[in-house]
Amino acid sequence: MNEPIKKIAVLTSGGDAPGMNAAIRAVVRACTYYRIECIGVYRGYQGLIEGDFESLSARHVSNIINKGGTILKTARSLEFKTKEGREKAYKNLKKAGVGAIVVIGGDGTFTGGLKFIKEFNFPLVGIPCTIDNDIYGTDNTIGYDTALNTVVEVIDKIRDTASSHNRLFFIEVMGRDAGFIALNTGIGAGAEEILIPEKNLGLDRLVESLNKSRERGKTSSIVVVSEGDKIGKNVFELADYINENFPDYDIRVSVLGHMQRGGSPSCFDRVLASRLGVAAVEELLDKSTGIMVGFTNKKISKVHLDKAIKMNNDINKELLKVAEIISV
Amino acid sequence: MNEPIKKIAVLTSGGDAPGMNAAIRAVVRACTYYRIECIGVYRGYQGLIEGDFESLSARHVSNIINKGGTILKTARSLEFKTKEGREKAYKNLKKAGVGAIVVIGGDGTFTGGLKFIKEFNFPLVGIPCTIDNDIYGTDNTIGYDTALNTVVEVIDKIRDTASSHNRLFFIEVMGRDAGFIALNTGIGAGAEEILIPEKNLGLDRLVESLNKSRERGKTSSIVVVSEGDKIGKNVFELADYINENFPDYDIRVSVLGHMQRGGSPSCFDRVLASRLGVAAVEELLDKSTGIMVGFTNKKISKVHLDKAIKMNNDINKELLKVAEIISV
Amino acid sequence: MNEPIKKIAVLTSGGDAPGMNAAIRAVVRACTYYRIECIGVYRGYQGLIEGDFESLSARHVSNIINKGGTILKTARSLEFKTKEGREKAYKNLKKAGVGAIVVIGGDGTFTGGLKFIKEFNFPLVGIPCTIDNDIYGTDNTIGYDTALNTVVEVIDKIRDTASSHNRLFFIEVMGRDAGFIALNTGIGAGAEEILIPEKNLGLDRLVESLNKSRERGKTSSIVVVSEGDKIGKNVFELADYINENFPDYDIRVSVLGHMQRGGSPSCFDRVLASRLGVAAVEELLDKSTGIMVGFTNKKISKVHLDKAIKMNNDINKELLKVAEIISV
Amino acid sequence: MNEPIKKIAVLTSGGDAPGMNAAIRAVVRACTYYRIECIGVYRGYQGLIEGDFESLSARHVSNIINKGGTILKTARSLEFKTKEGREKAYKNLKKAGVGAIVVIGGDGTFTGGLKFIKEFNFPLVGIPCTIDNDIYGTDNTIGYDTALNTVVEVIDKIRDTASSHNRLFFIEVMGRDAGFIALNTGIGAGAEEILIPEKNLGLDRLVESLNKSRERGKTSSIVVVSEGDKIGKNVFELADYINENFPDYDIRVSVLGHMQRGGSPSCFDRVLASRLGVAAVEELLDKSTGIMVGFTNKKISKVHLDKAIKMNNDINKELLKVAEIISV
């Protein structure tokens, strides 16, 4: 890799998140700024294997900063998990004269990228973009802030009807392994109880807490449940269990689902995506590889991809306590 | 009822809808304007039975026009379905000096109201307020327009992720007996297929339609399903059935649920609620009873409550055809 | 015009409005449905003169139903006001084999269209699309409903700060010759006073009304002013005048401006645009010309273009009274 | 101050910001949690002087976390700038048995608070709440994140109409002494040029930049201008100047104004307000005074009030460069 990079490829992979387009736009425009060509790869690693490439100019990415989804589409590629698949991808990149690649996504995206680097020593930098905020080495992943706003806006609506009817609502939000969305939106939406994987309070505690709420005269309640909550029941079973214990309660369940991934990105996510897109290109031009660019303590940061994947962000204890204090 | 009315009561009943607060506000302010007292009744007919009343001034209803839900709360009252219950309600109204009542709600609300009028000859006027738009005698029920906007905003978000992933989404929207929400939001959100009770196209037609979409190269699709669709399957069974026929499709289901009832009302619903609230009070002062005020052909209209309940709004054939043409 | 139409052109002209894209989409898809070609004309009548045409397929208009603005762009063409300009336009249409045209816009658009029809007997149908709702022959113009929602959402925000500070706000909204936006958003946002061209209450009445508000203890107020209000002063002069009379008031002015034209269309506007786009194509195929399609009393309607332009929609007296009653 | 605190007062002062209510709620609930009484003070320091107090329970602050504005209202008090005013305030606090106070606001609020502490040694802790983000000692002030989202949503709408018409828009946003809002929303909304106090690029540079845009074929442009921009002209004069240099441009101006202060707070601002409200109470119970609680590097932080006021947050150079790169 001693000759200067003339072309940089960019792809989005894994679950989509708001801000992916803003990140693509920043990568393309940084390439334009530094006078190198930018190649868009469609459908993530699968498009790499199939050679589904398109040269992208600053014009191609006009008016996409505010759009949800990804103009490059995303997919989960089984073929890229095989040696043969990755070889095809490498050949396509070389054939197209691509000297480095930016991969935008989360855990799975970076795992695939790491393998690719190890096998072919191909310069690759990752940009963390997932609504779950479960990547180590950045204070925020792109998309997380937007998802939080989407969820609290929906819960605000559900609270209108919950409090008009004196109802108890169980609301399931995304976050398979981490309860960041549940904890923050639970606090933000003023939920009476929050159930997250990191803090198994058990069903007894939930029953106790609902009893207390009732004693204090609270006639409607919102319980936010992380989809990965380890209480051993899904949200419908949970509702059934509570219903047995509180037969007089009018209980409803709402699973927010995929709407959490869509929508126009928040200003924060647009700016974050713009910064990280520029930083990723600059890192590649500086001969970096195998890293993820992130945003830590209000500055651009970088971390090795394997660290980004393997280490965990811990749930903040102070925030857990705030949740408890604030729901009195 | 020869003596002039000095107090008018107001209540909200049944499922809540955006604009209930705007309607309450209009009733209260019309009372103030015409120099009569307004009595708020909490929790619908149940509060009537329990005498859960509060005198409302113009100040009480400041800054509520933009709020979802209902400050008077709503409930479904089993007791009001009994003669004894209704007698208690009547006595409470007489004791409080109330001369007439405005009931804000839908079908069930008006059915209860009709019984009450027949038994006690108590002046009562209804205001149609339900997201389902299934009341005869008004072009729009209060809350319907807002619910349409809520639904298309959510489907817009889901489409972001659907088209990024080439997925097929089944989205269930409210509307137990009528497909108005599904048909309008299906068109408004650009859905590829719309399933409503009024137009049973059968599973074969759906499969055929999805096949056609695929042939035309559509790689992601949105199917909007009315919860009352008569296809004989709920939305999850439907998705399973399609999955068997299209094993290569990545199919997801989203049930929008109660968020459709909440949220800040649209300008249209706020203005409609303001008009109907004023009209209801004026009708009572004009000695009307047993009617519902509505909005027909851009004018205030009125219809007998039994007609409002028993007759149906038909799904517009022109609109069904537009749905077909537009989804090519 | 005895041979069947094989190509239909479509353009947007004048001030843009939310729903223009939804209307374009419907025209294109109706053409596809009826197996005729659709030609998009860029920048309104100016593009007609310059031959700035592009053939549009159903694919071109995917995912635009929810976008503000117009993918065909719009402009005001001085050249089309000349005979020479219109001749060029006609020649371009003939050369391209276009047999009829759909023009999407308001007053000015239809005036230009009428001249064109008279000179060249070229089949033309209009679709009313302007936020002002000032076109005769349709209950709603496309874009009006969305603009109402945009305005009330902004006034809701301003009210937050107005009531936190006990301030008096003058808010200028669009509507040069008609006060529809001001009247409806004034009611919808709970404004204390509404100033519209149709109802010159004079400055004395405004001072009197503000005095009354103060007596009733209202410490913050919102006055919605239509930009075309005939009170003889612009909104800043108005604020100055009131300031002289109420030196202790903390008065602020906000001119909402062009944001009122943008934004994702409401469900109502998307459905209306879909219906009118289909209807316009069907009318042309039925040999209609010189008409505007509209929506009246929940049905598709049509009106001659000269009537659409010359006649006025009157401000509803009942609505004026509601505004008065509701602001007590 | 050796006896334990039994009552804590809370007030909001200065310009209002989204999240003030969430902060009040957190202070009240933290007091409840720690079993002390919370006293709400109306209209900031003026209410302190007038003894306009109310005891607040957890119930009083139900359902306000999502509301813009402040239930305690805010004001700028001239009287509190006098020794006599502050003495009255002190006496009122002592009379009411208040042992400490939380002041929620910005620069001016803290300046007043500092004087009060120095004169009366009264325990006081500040919470930074202003949309301008111009307080030292916290990564974010409460309200800033929401204001950013409000602004980009509005610019997104203006861009719809700007690009439909090929127009040049000057959009003035808040930020008297600091360009944080302009810089971040300019990047977030994809503005072609951003004018902020910290970076005087001069009119020549702006003309040059617009010339370049034109050469690249950009036909519409958004220029975001901070109200405190030091270019020596207000936004209207600026537009006039550009108009002289580009007579063929269709130039419009939009001053966003007070809407930027209102609206439902973002999830981030709600959570931040909840954390800082709890932290402020805990600090007072720990005998802290004269400090502001903040949020730095994802942790609760504290800083002396005089430092919070006197020191500046610098505009990030990396961000300035991103703005330049991204607008190519």
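Going in written order, the chains are labelled A, B, C and D, and every chain counts its residues from 1.
As a convention for this text, a contact is a pair of C-beta atoms (placed from the backbone, for glycine too) under 8 Å apart; a residue touches a chain by one contact, two chains touch by 3 or more.
Heads up on the chains, UniProt names are A, B, C, D = ATP-dependent 6-phosphofructokinase.
Predicted model, so just to flag it, every value in this text is computed and none were measured.
Engineer: Using mean CA coordinates as chain centres, what's the gap between chain A and chain D in Å?
Structural biologist: Inter-chain centre distance comes to 28 Å.
Engineer: Roughly how far is chain A from chain C, centre to centre by C-alpha average, rounded to an integer in Å?
Structural biologist: 39
Engineer: Quick one: chain C and chain D, Cα centre-to-centre, how many Å?
Structural biologist: Here the centre of chain D sits 36 Å away from the centre of chain C.
Engineer: Where does chain A touch two or more other chains at once, residue-wise?
Structural biologist: Expected reply: 156, 159, 163.
Engineer: If every chain is a node and every touching pair an edge, decide which shape results: line, ring, star, complete or other.
Structural biologist: ring
Engineer: According to the definition already given, which pairs of chains are in contact?
Structural biologist: Touching chain pairs, listed by label, come out as A-B, A-D, B-C, C-D.
Engineer: With touch defined as at the start, can you tell me which chain C residues reach chain B in the complex?
Structural biologist: Of all residues in chain C, those touching chain B are 25-26, 29-30, 32-33, 58-59, 63, 65-66, 139, 145, 148-149, 151-153, 156, 159, 163, 184-185, 187-190, 216-217, 264, 266-268, 270-271, 274-275, 278, 297-300, 316, 318-319, 321-322, 325-328.
Engineer: In the complex formed with chain A, which residues of chain B make contact?
Structural biologist: Contact set of chain B toward chain A: 12, 16, 18, 20, 67-70, 73-75, 150, 154, 156-166, 169, 252-255, 257-259, 261-263.
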